[in-house]
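Lettered A, B and C in written order, each chain numbered from 1.
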Amino acid sequence: MSYEAVIGLEIHVELDTASKIFCGCPTTFGADPNTNVCPICMGMPGTLPVLNEEVVKLAIKAGVAIDCDIRLTNKTDRKNYFYPDLPKAYQISQFDMPICENGHVKFDVAGVEKTVGITRIHIEEDPGKMIHTDDGVSLVDYNRSGVALIEIVTEPDIRSAEEALAFLKTVKSILQYSGISDCRMEQGSLRCDANISIRDFGQDILNTKVEIKNLNSFKEVGKALQKEYKRQSDLHRFDEAHKIKQETRRWDAAKGRTLTMRTKEDAHDYRFFPEPDLPPIILEKAQVEAAIHTLPELPDAKRVRFHDAYELSSQEVEVLIAEKFIADYFEQVVEYGAAPKKAANWVIVEGLRLLKSVEQEEIPVKPSHLAKLIELVEEDTVSVTAAKEVFEALVKHDEDPIDLIEKMGLRQNSSADALGEIVDSVLSAHPKALDDYHSGRPESVGFLMGQVMKATKGQANPRMAKELLLQRLGACAPEA
Amino acid sequence: MEFTRETVEHIAKLSKLEFEEDKYDAFQKEFVKILEHFDNLSDVQLEDVDINDIEGKKSVLRSDDVHIFEDREALIRNIKKMRDGYIEIPKVVD
Amino acid sequence: MDLKGLRIKDMQSGLAEGKFTSVELLEAVYKRIESADGEVGAFLSLAKESALESAKESDARRAKGESAGSLDGIPVAIKDNICMKGVTATCASKMLEDFYPPYDATVVKKLKKAGAVIVGKTNMDEFAMGSSTENSYYKKTKNPWDLSKVPGGSSGGAAASVAAGMVPISFGSDTGGSIRQPAAFCGAVGLKPTYGRVSRYGLIAFGSSLDQIGPIAPTVEEVALAFEVVTGMDRYDATSIHSSLQDDFMDFVKSGASGLRVAIPEEYLGAGLDEEIKESVLSTAETLKKLGATVEYVSLPLEDAALSAYYVVASAEASSNLARFDGVRYGYRTEEFDTTDELMIKSRSEGFGEEVKRRIMIGTYALSSGYYDAYYKKAMQYRKSMEAAFDKIFESYDLVLSPASPVLPFGIGEKTDDPLAMYLADVYTVNINMAGLPALAMPCGISKAGLPIGLQFIGRKLEEATILKAAYGLEQALELPKTALEKEGA
C-alpha cells in the first residue's frame, strides 16, 4: 500500500550582487576567514544596516521570472534567535509583507507537465558559517554574514523526489538565466530545505509535516525525500502514524537517514517585529516593468524557439538550454554560419567535454573558430577526427583554425588525382590483398585503407580514399 | 495572563539569561508588578491602526558598491579567542 | 587658567586672540577634571592621547590662519555609548569593559572634522537604561549642585561634566528623556533633536526608533552651535532624514521669543508634580508673556498607558538590540564554560546589570508568541495616537511648555528599590520620543534647597530653531547661573 507524498521546498538563493545586502563588503567566495567583514556585518554595537538597491532589483526580477505578484510596499522584519553564526542575534528578513507572492513554476517530469505554486519570495541576509572540528571546537567565519539572499517558498504541490529534482533544476535554470544567482549548490549559493508529509491518495488533508535540513546537493534532496517518505510510510503502515512528530530532522548523508534535530517544543520563538532601522521598501510600477524588460529569454521560451528555429531534437534542446551560457554559445556558433544541427552536435559532444576540464563556466573556444572549423569539415579540408584535435588545440591557441590545421599538418588530402595515384601505388604494392578481396574477403579493404592512410600520413580524406579504392578494386576485377 | 515561575523561566531561556535560585521569586514579583501596570494598555480604545502604514515614508537604498573595511585589526582586537583567522568557540552541537 | 564662566564663544575669542592655545585649554580641562571628578564622577575614561593630538592640530591650523569651524580647538565630552576609535565604549556596563570600537560614530567624525577636541567619555546608566546614572556598573555620578543628589540619567555624566565646569559642551543620548531630565537636574540646557535629525550610526542602540544624540551645555547659544555641527543626513543611517538648517539659523535663534504661541497642557500640572516645580513653570509662563509670547492652557491628557507604551516599545527594541552581546565576538566572556550555550548564558547573566536584565526580559515577553498583539502591536498603535494628539495642538500653537521632571533631583539611593516608581518619573519626556518630536530642557529656576528646576519646550518636527528661539529669549530674561560653579555663594 502506498501513500501520497506532500512536499514543499524552501530554497535559499544567494544573489549575485557585488556587495553585501547591508554593507559594502565584497561577496567573493573563498576568501580567507573573517576578511570580507566590517563592523556592520559583524554586528558590532552601534552599527546600522542600509539596504543595497541591487538586492531589491534582483528580487523583483526573480519574482517576475517566477510569475509572482510584486508587493509594491514591503518591509523588513527582525527574526530573533541566538546562534554563533548570527552576529546581531537577529536576522533581518521579511515576515508578513514579503516582496513577492503567488507565483508558479512549470516544468516537465517524464514527459508530463507539472505546475508548482510559489507562496512567496522574500529577501533576507545570510548568517556566517561554522565549521566543527574533531577536537571539540567550532570555528566561526563571518565572510558570508550579510550576503544577500532570497528565500523561495513553494506550496506543498510536489508529489515525489523526482518532481522535487525536476523543480529544482528548473528554478536553478530560471534564476541563472535571469542573472540573479549562479545557483551553485556546492558553493552554497543555492540551499534547499524540504518539508514532507504523507497521506492516502485522494485525500485533501495535510498530515503532520517534517522539515528536513542539511541537504547539500540535488542528489541528497532526492535521497532524503525518499528516505523520509519511507520512514513515514512505514509508520503509517504499522498504525504508528502518531509517532510522526512535527519536527526538524537533519539529513545525514553518511548514514543515509534523517535524524531528529529540533522538536516543536524546542522550536524557536522568533519574536518577529518590524525592523526599526530600515524604512519600508516602496516600489513603483515602473520599476517592476523595468525588471520585466531586462529579463532575458527564459528557459521555457528558449526551448520552444530552439525547437522551431533550429529543428533540433528534444534531447538536444534540453542539453543546450540547461545552462544559459551554453545556449548562448550555440547560437553564436550558428550566427557565425554553422549549420544548427552540426553546431549542436559539436557543442553537445565536444564543447561539453572540454567544459569538464576547465574551472569557469565558459566553453574555452571562440564560437567564430568553432563555426569555421565546422565549415572546414564540410569542405573536406579536414576530417572529423582531425577536427577534434584542432578543437582541443584551439583552447590554447587562439588562432584561425585553418592556420592550426596547416601547423598541425592535418590538412586532409581531398584531391582525387593525388589520392588516386596513392591508391594505385598501394594496390600495386599489395597484390595479395587484392587477391583476398576478390576471393571474397572484404576485410582486406580495411587493410588497404590502412595502407592508404599510412601512405598519406593520415591526411587522406577517408571517404574519398575509400571510394577511389573500391572503384579501383571493382575496376580490376579479374576476368570472370 | 498568569506570570508563573514557568513563564519567567521560559522568558529567561529565550533571552539567554539565568538567575540565582533566590532571585527568581523576587524577579517574578517585580516582573508581575510591571507587566500588570502595562495592562493599562489594554484599557485604551484604539482604532485598529495599521502600524506599517507608509505615509510620508520613502525607501532608502544604497548603490551596490564594494567598500573594503580598512582596519581589520581593530575588528579582530575585540575577539577573545581565534584560531587560523576563525573565531573559536566550544563545539556547537545541532 | 580658570574655566569658571568660560563659554564657547569666550574660548573661541581667547584662542583667536592668542590668549591661550588649544593645548593649554585642554590642560586646564584635564586639571579641572583631576581636581573635581574624584567627587563628581562624570567621566569613565579620558582620551588624553588623541585629545592632545587634536589640540595640537587645532593650534597648527590657527597658526596658519585656517579654521576647521565653530568648534575648532574646543574641548567636548561624549557619553560612553557613542563609539570612538581607540577609546573604550563601555555603556557603563561590565559587558563592554574592554570593548574598543573599530570605527568612529558619525557624530564623532563630524566633531573631529569641526576641530573639536574630544576629552573623554562620560558616565551613564548602563546601556542608557535609567534616570539617575545609578545603574552604572562603574561608579555613581553626583549632581555638581549638591553632591548628595543624582545628576539624573541616563546622560548623567554628560550633564554633570558641563555643570561642574569641566567642559563647555557634551553630547548625550535621549531615548525617553535621557538628555532632557539630566540637563534639568544639572541646571543645563539639553536638546533632543527630531528623530532622524542626527545620525545614530555609532550610537550603541537601546531603542532604535526612539534614540537620538543631542548636545548639553550651559547656554542655549552653545547648544544651538553644537546642534549645527552634528545635524544632517548620514548615508550610514537609513533612518536619518534630509533636512538643512535655515541660512540665518543663529540670527533666528537670537531673535527673541516675541510672537511665539505657547501651549501648556493643564493635565501636566496636576497631581504628582512637585509644588516648587509647578510654581517655577507658571512663573516662567508669565515671563514668556512679558517677552511677547502668547501662553495658553490646552488639554493634552497624560495617559498612564502612554508610559506603558513607551516601556513596551523601548524594552522590546532593547531586548533585540542587546541580544548581540553573547561573548562570542566582543565584550565580556565568562571564564568557565563547556558549551557555547553556557558561554552565552553566563556571559550575559554576569555581564549585564539588574535593570538591563529586567528590561530585556520585559522586552522579550512583549514580543513573544501570544503576547505580540497585546503588547508590542498595541504600543505601536498607541504611538500613532500620541503623534496625532501633538499634531492637533501644533495646529494652533508653535510650542508646548511643560516641566521636564515631576520631581526635583532626588537623593542618591532614594529610588533604587522601586523600578516602577523610577519609570513613572519619565512621564513628561517619553511621549516626545514616541512621537519623534524635538524637545529641549533648560533651567527655569532654583529650588529653596538650591537645586536646579528645569522646564521643557516641545516643538513640531524639524523646528528645533523655533524651540531654541523661545529658549534663548527666556534664558536672557531669567539670568540664572549657568553652571554649578557659577551658582550663588559658590
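Methods note: a contact is a pair of C-beta atoms (placed from the backbone, for glycine too) under 8 Å apart; a residue touches a chain by one contact, two chains touch by 3 or more.
Every value quoted in this text rests on a predicted model; they were computed, and no experiment measured them.
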Original post:
Nearest chain to the global Cα centroid?
Top reply: B
Original post:
Which chain pair is joined by more contacting C-beta pairs, A-C or A-B?
Top reply: A-B
Original post:
Can you give the whole-Å distance between the Cα centres of chain B and chain C?
Top reply: 24
**OP:** Can you check how far apart chain A and chain B are, centre to centre, with Cα atoms defining each centre and the answer in Å?
**Re:** 40
Original post:
Centre to centre, by mean C-alpha position, how many angstrom separate chain A and chain C?
Top reply: 57
**OP:** At least two other chains touched by the same residue of chain B: list those residues.
**Re:** 14, 16, 51, 60, 62, 75, 87, 89-92
**OP:** Find every residue in chain A that makes contact with two or more other chains and list them.
**Re:** 39, 42, 44, 50-51, 82, 84, 138, 140, 269, 271, 278-279
**OP:** Find every residue in chain C that makes contact with two or more other chains and list them.
**Re:** 99, 101-103, 235, 238-239, 323, 326, 328-330, 340, 344, 364, 368
**OP:** Please name which positions on chain B make contact with chain A in the complex.
**Re:** 14, 16, 51-52, 54, 57-69, 72, 75-76, 83-92, 94
**OP:** Enumerate the contact residues on chain A facing chain C in the complex.
**Re:** 39, 42-51, 78, 80, 82, 84, 87-90, 138, 140, 269, 271-273, 276-279
Original post:
Tell me, which parts of chain A touch chain B in their complex?
Top reply: 17-19, 23-26, 32-35, 37-39, 42, 44, 50-56, 73, 75, 82-84, 97, 130-133, 136-142, 250, 261, 269, 271, 274, 278-283
Original post:
Across the complex, what residues on chain B touch chain C?
Top reply: 1, 7-8, 11-12, 14-19, 27, 30-31, 33-35, 37-44, 46-49, 51, 60, 62, 71, 74-75, 77-80, 87, 89-93
Subject >> Contacting residues of chain C [partner chain A, same complex] >> reply: 81-83, 89, 91, 96, 99, 101-103, 105, 200-205, 208-209, 235-239, 316-317, 320, 323-326, 328-330, 340, 344, 364, 367-369, 372, 376
